[in-house]
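Note that chain A is present in both complexes that follow, paired respectively with chain B and with chain C.
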Partner chain A sequence: MAREVAFSRNSLPWGRLVLASPFFLFIALFWATPLFNGVQLSLESDTIWGASHYVGFEHYEALLGDGRYWKAVSNTVTFTVTTVAISMGLALIAAHALNLCWSRIRGPLTFAFMVPGLCPPTALALLFLLVFHGKEGLLNQWVIEPLGFETINWLSDPDFILSAIVIQAVWRWTGFMTFFLLCALNARPRDLLDAAAIDGIAPWQRFTKITLPLIAPTLLFCLIYLIVDCFAQFAGSYVLFGGSGGSEDAGLLLVSYAYQKAFVGGGFGSGAAVSLSIVPWLAGMLLLLALSPRRFWKGAYS
Partner chain B sequence: MTAEPVTIWISSQQDKIYYENMVRLYQSQVDSDFEADVQAFGFREMPDKLAIAFKTQTNTPDIVQLDEVFFGMYLREQETPFVDLTERVRKVGLDDKILPQRLNLFTHGDKVLGLPQSLSAVVIYYRRDLFEQFGLSPSQFETWDDLMRIGKELISENQSFLAMDPSYFGMLLRQRGGTLFGDDGTILPDFELAVETLDFMGELAQSRVGLMPDRATIFDPVFFGGDVANNEIMAIMGADWYGLDMIQQFSPELEGEWGIMPLPAWTDENGVANSVRTSTFAGQGLVIYRGSEVIDESWKFIEFVMTNPEANAQRFLQGNSFPAYKPAFEDIRLLQPQPFFGYDSMGQILVGLAEDVPDVAMNALRPMAVFMIREGMLSSVMYGEGDARTALTRFREQLQTPMGPPDGN
Partner chain C sequence: MNRERRIRWLSTIGMSLAAVVFLYPLLWMVLGSFKANTEIFDTSRFWPSVWSGEYYSILTSGEYFSFWRSLANSTFIALAQAIGATAFASMAGYALGVYRFPGRGFLIFLGAATIFIPAQMIALPLFAWVNVLGLFDNPLGVALPGMVSGLGLLFFTRVFSQIPRELLEVGRMEGASEFRIFASVLPLLKPFLVAFGFAHFVLAWHAHIVPLLILHSDTARTLPLSLAALYGSSLNSPQAVLMAGSTLGMIPLIAVFAFAYPRLKTALQEFVAQ
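Let's look at the complex of A and B:
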């Protein structure tokens, strides 16, 4: 048996490569090729028709002095941090609540939570046009006015535009993240929790010292997923603001700005430069996660 | 005989039906062998697809129904992707028969690159029932001062008069003889006039005589379902296509309750009217792609659609636009009273205003300028959160450097 295993590991490298080749082909076709073309485009002149010529890093240099670009960076980072913080906080609470509730209704409730995440973002944004409607919108009618506040023009007032995008993203992802965290909570070893309870450890300490380390790898996955999605946010804000950032560019995100450069200004090179400039910002956010204590993310048993 | 079908890109489903009908009409009257593949896209989707098609030179159309706003995008370089139609237009006398202001719209330098479908004259669409309720008549609105005065009286009865939209800025500026771009490409050449115009819009909104819709735009079905349906406004400013298409499509329940009147005039310091009673905004035209292999066939079809009486009449009757082709102004079908507009004759009103429709200064930065205005760049003034001079200064600065390094042509 041991000889068979050794044989299969050492003598069939080509076979394994052949089996893995569809994956590499897929990556080359749909990831590496567009990426390479994008880089190439960002180094070419903004020619909408006819041959372009090489301009080096001029588009990137132009971005450094472009106020709207920095506004888009600031908005995107604010949007990402806020959305991730609120979504993950709510998801943790919701996952705990679901974990404690009657098991027969846990399934349907979890599914109901997940529905917004399963909806196409464009369809969700169309629904949110009604939610954010100035006077007749659900948010104003059901929340803002009953609380005694003046109605808010969520899609036009620069003070609230970014909040509207955050609310939409939180609505979309909280349920989905709840599902992942619920799975992680269910995977906790019962014996550890029982032992802690018998030893009289307070609930908060049980959460911070046992539960949190146990679900840490899932938390890490959720954080990375949300951060990447927030940086790539486009469809939702496109439906709400028509590809712009709304009044005063208050909701201008990086992908929307890339769209404007390419499809409104006719500058594909500039648009590609904005798109690719997202990479360092996104990598920076992920690096912040990587700089946090590695032991924590590996979970208690690692 | 046509070698292959002419591919026509259209920017709405409604217009696709019109062009399919026109293909059949052309086949029956001119060329029975003519074949066309009419493809419809969304209004915003089509320019995006077109830009990609031109950039990659893949799956390009032969004829494109392109809005003048997006047309400007292709003027960044000296060479445009469109066929120079100057000689063909001159040969069939279309240069005399199409309203010059509209033909200029699709002209770049001395080259005619497209033919305008619509007159795009701006009027005010008002609610007859609400006018009756408040004892108003269109003749009371001779000047913008009249409108402001009456509007403030209505506010005391908690009624706003005019729906606001950032795109009004360009319309009002043109009505006063101003322009977004000078002939030399200067942005807002008459800056003080622009400041005064935006200030006026700010005053309209701040006094609530003008009501900003929830999405800050009148080009939105939600606007009709909310502000219009709830009688929160009594009037909307818009071009012919706005009334024929959007108002009829999104407020069918208000058939017969709408009326049409010319814009109020601007006045000088003595209160004397000194402007025309109309303006212009957007509107589509037909262009031919330079790389097309069926340029002649495409041109013949465009010429037919632009000059055939039935084609012009149907464009109006099917809710697209009022033609800019002057011989069509005499077609009785275009001058009939329309039940939807309370038996006002949109055609007669538009023909009366046609000669006054102002020119639009075409510029490669125009798409970005319109986009920035439409999508809220100047809304802060209407929300009372900024002054007109600061907003327009910022608008001008951002427009001057909206792109990366130019092509260098």
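Let's look at the complex of A and C:
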């Protein structure tokens, strides 16, 4: 005992500090510093040549009255909510179905679903450009026309541009989410499930009362991951619309708007203001998760 | 018994069909890399009329961009980020997972904050700052900032907090240094290290806005950037060249993934079960 106390007093704290320091040094250098600079930049005028001057919250005030900004906000929120809902719904179904599959083929199938997630977003967008391409694209020729609908010009019809980005994101992420959920499903204690089945509890009840609380932490992780990724979405729309918002700004997302302001419009200050204004929106989305009943997410530990 | 078998067959067939739908666009891309422009949009034609590697040789000849150079840049950036992020996050995760000390909560909060304010959102000031550091147009300017991973910190803090204390006590009794104790438990955590390193590798490979701002010259660009530039600049180039580039660009990722997959699965199942 005495030995341990002496030990922890002399050498331990230093070892600990040395181990933790590179990580926090990098955070300070490559995250906190740019963040701080960004806040400063957003309070300065959009001067391209010469020295800029302090303008206070002018850029933020301008955003409040900027119709394009609100369009970008509503697009980003719609895109995020739809993508998360569709992709998590599909992933929950797919994970259960994979669990019921013939076990030899389960691994390869899961692997196959994850491959689209390995496709770089830029390549993916190029690919989807061809799938969605005007009237000749695959989607029109194989799905829309045979169903008797009029062909949709996916990338220039403002009503469909956002759906094109949603489909792309769903295709990309559903496999990974399925994989996470499948791991969580496999980690459920077998005896608990068997006991419930023997007691004659209906499958739907077993799902809501036993499975859902058990996989809740994984579900929460997936939701956070997807929401953050959707908010930071840039590559997909950048390739599809070359950094613009597509016709009538129907595909304008917040990160691409910040890019436009800074590099197309030449206003670094207002671009930084757009970037930073994403933080409260994202925090709001995540707060919605925090407001959901606490007991639900913690169910697994009780 | 009969009902159970029926369910098994139904879900096997259903999921196999779904997998075909999921992979179809990719298969189409691979086949498209052999097709002329007129054939690509002809949906009645599944196989290319002539199998020729013409578009692959155009791609690698450097007529549009230096393919091998871009591939090397991507590989260097993604590997450096994966190794750096795994090393830093596991070291910090050890310190925060094993010990309780004042300020620990704040450090974990700081790590979580980098998840909620990702690099894409501070891309502009990050770009300006990288310029100040003299790393503009240098792959290091993308690789170094990418070594920060809040997700990694939270992941490894949890992993290390589950390590049996007796294991660490043994080293301590022998008077080993903190780093030695940390290094001695690493072999036990191999699946976790590989799983995280792989996930970070994929994210780094896919990053777009930060490399787009920092890397300007053809020789510094990553593969996704070069492909996007090729698409944007020359709409008249054969589409097959783009598809050939995307196909070749996916091979390293699929290879790494196939290697990491079993470990990824063990790590996640253990992590979730803890």
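Basically, the second predicted complex is superposed on the first by the 287 of 302 C-alpha atoms of A that agree within 3 Å, B and C clash if a C-alpha of one lies under 4 Å from a C-alpha of the other, contacts with A are read in each partner's own complex, and residues count from 1 in each chain.
Here is the rule we use: contacts are C-beta pairs under 8 Å (C-beta built on N, C-alpha and C of every residue); 3 or more make two chains touch, one makes a residue touch a chain.
These numbers come from a predicted model, not from an experiment.
Participant: A:113 in the overlay: touching chain B, chain C, both, or neither? Say first, second, both or neither.
Facilitator: second
Participant: A:153 contacts which: chain B (first), chain C (second), both, neither?
Facilitator: first
Participant: With both complexes overlaid on chain A, does A:275 touch chain B (first), chain C (second), both or neither?
Facilitator: Only chain C; A:275 stays clear of chain B.
Participant: Looking at chain A, does chain C or chain B touch more of its residues?
Facilitator: C
Participant: In the overlaid three-chain picture, which partner chain does A:45 touch, first (chain B) or second (chain C), both, or neither?
Facilitator: After superposition on chain A, A:45 lies in contact with chain B alone.
Participant: Does the superposition put A:78 against chain B (first), chain C (second), both, or neither?
Facilitator: neither
Participant: Should A:37 be classified as contacting the first partner (chain B), the second (chain C), both, or neither?
Facilitator: Second partner only.
Participant: Regarding the shared-chain residue A:262, is it in contact with chain B (first), chain C (second), both, or neither?
Facilitator: A:262: touches chain B and chain C.
Participant: After the superposition on A, what does A:59 contact: first (chain B), second (chain C), both or neither?
Facilitator: Once the two structures are laid over each other on A, A:59 reaches chain B alone.
Participant: Scan A:163 for contacts with chain B and chain C and give back first, second, both or neither.
Facilitator: The answer is neither, since A:163 touches no partner chain.
Participant: List the residues of chain A that touch chain B in one complex and chain C in the other.
Facilitator: Common interface on chain A, chain B vs chain C: 129-130, 133, 136-137, 242, 262, 268.
Participant: Residue numbers of chain C touching chain A in their complex, please.
Facilitator: Chain C residues touching chain A: 7-9, 11-12, 14-16, 18-19, 22-23, 25-26, 28-29, 32, 40-41, 43, 87-89, 91-92, 94-96, 99, 101, 107, 110-111, 114-126, 128-129, 144-145, 147-148, 153, 172, 175, 177-179, 182, 202, 205-206, 208-209, 212, 223-225, 227-228, 231-232, 239, 242-243, 245-246, 249-250, 253-254, 257-258, 261, 265, 268-269, 272-273.
Participant: Would you pull the chain A residues touching chain C in the complex into a rising list?
Facilitator: Chain A reaches chain C through residues 4, 7, 11-20, 22-24, 26-27, 30-31, 33-35, 37-38, 41, 94, 97-98, 100-102, 105, 109, 111-123, 125-131, 133, 136-138, 141-142, 171, 175, 179-180, 183-184, 186-187, 217-218, 224, 228, 232, 234-235, 238-239, 242, 255, 258-259, 262, 268, 271-272, 275-276, 278-279, 282-283, 286.
Participant: Which residues, counting only chain A, touch chain B once they are in their complex?
Facilitator: Touching chain B from chain A are residues 45-50, 52-53, 55, 58-59, 62-63, 65-68, 129-130, 132-137, 153, 155-158, 241-249, 260-270, 273.
Participant: For chain B, which residues are in contact with chain A within the complex?
Facilitator: For this pair, the touching residues of chain B are 44, 47-48, 51, 54-55, 73-74, 76-77, 79-81, 212-216, 222, 226, 230, 364, 367-368, 371-372, 374-377, 379-380, 383, 385, 398, 401-408.
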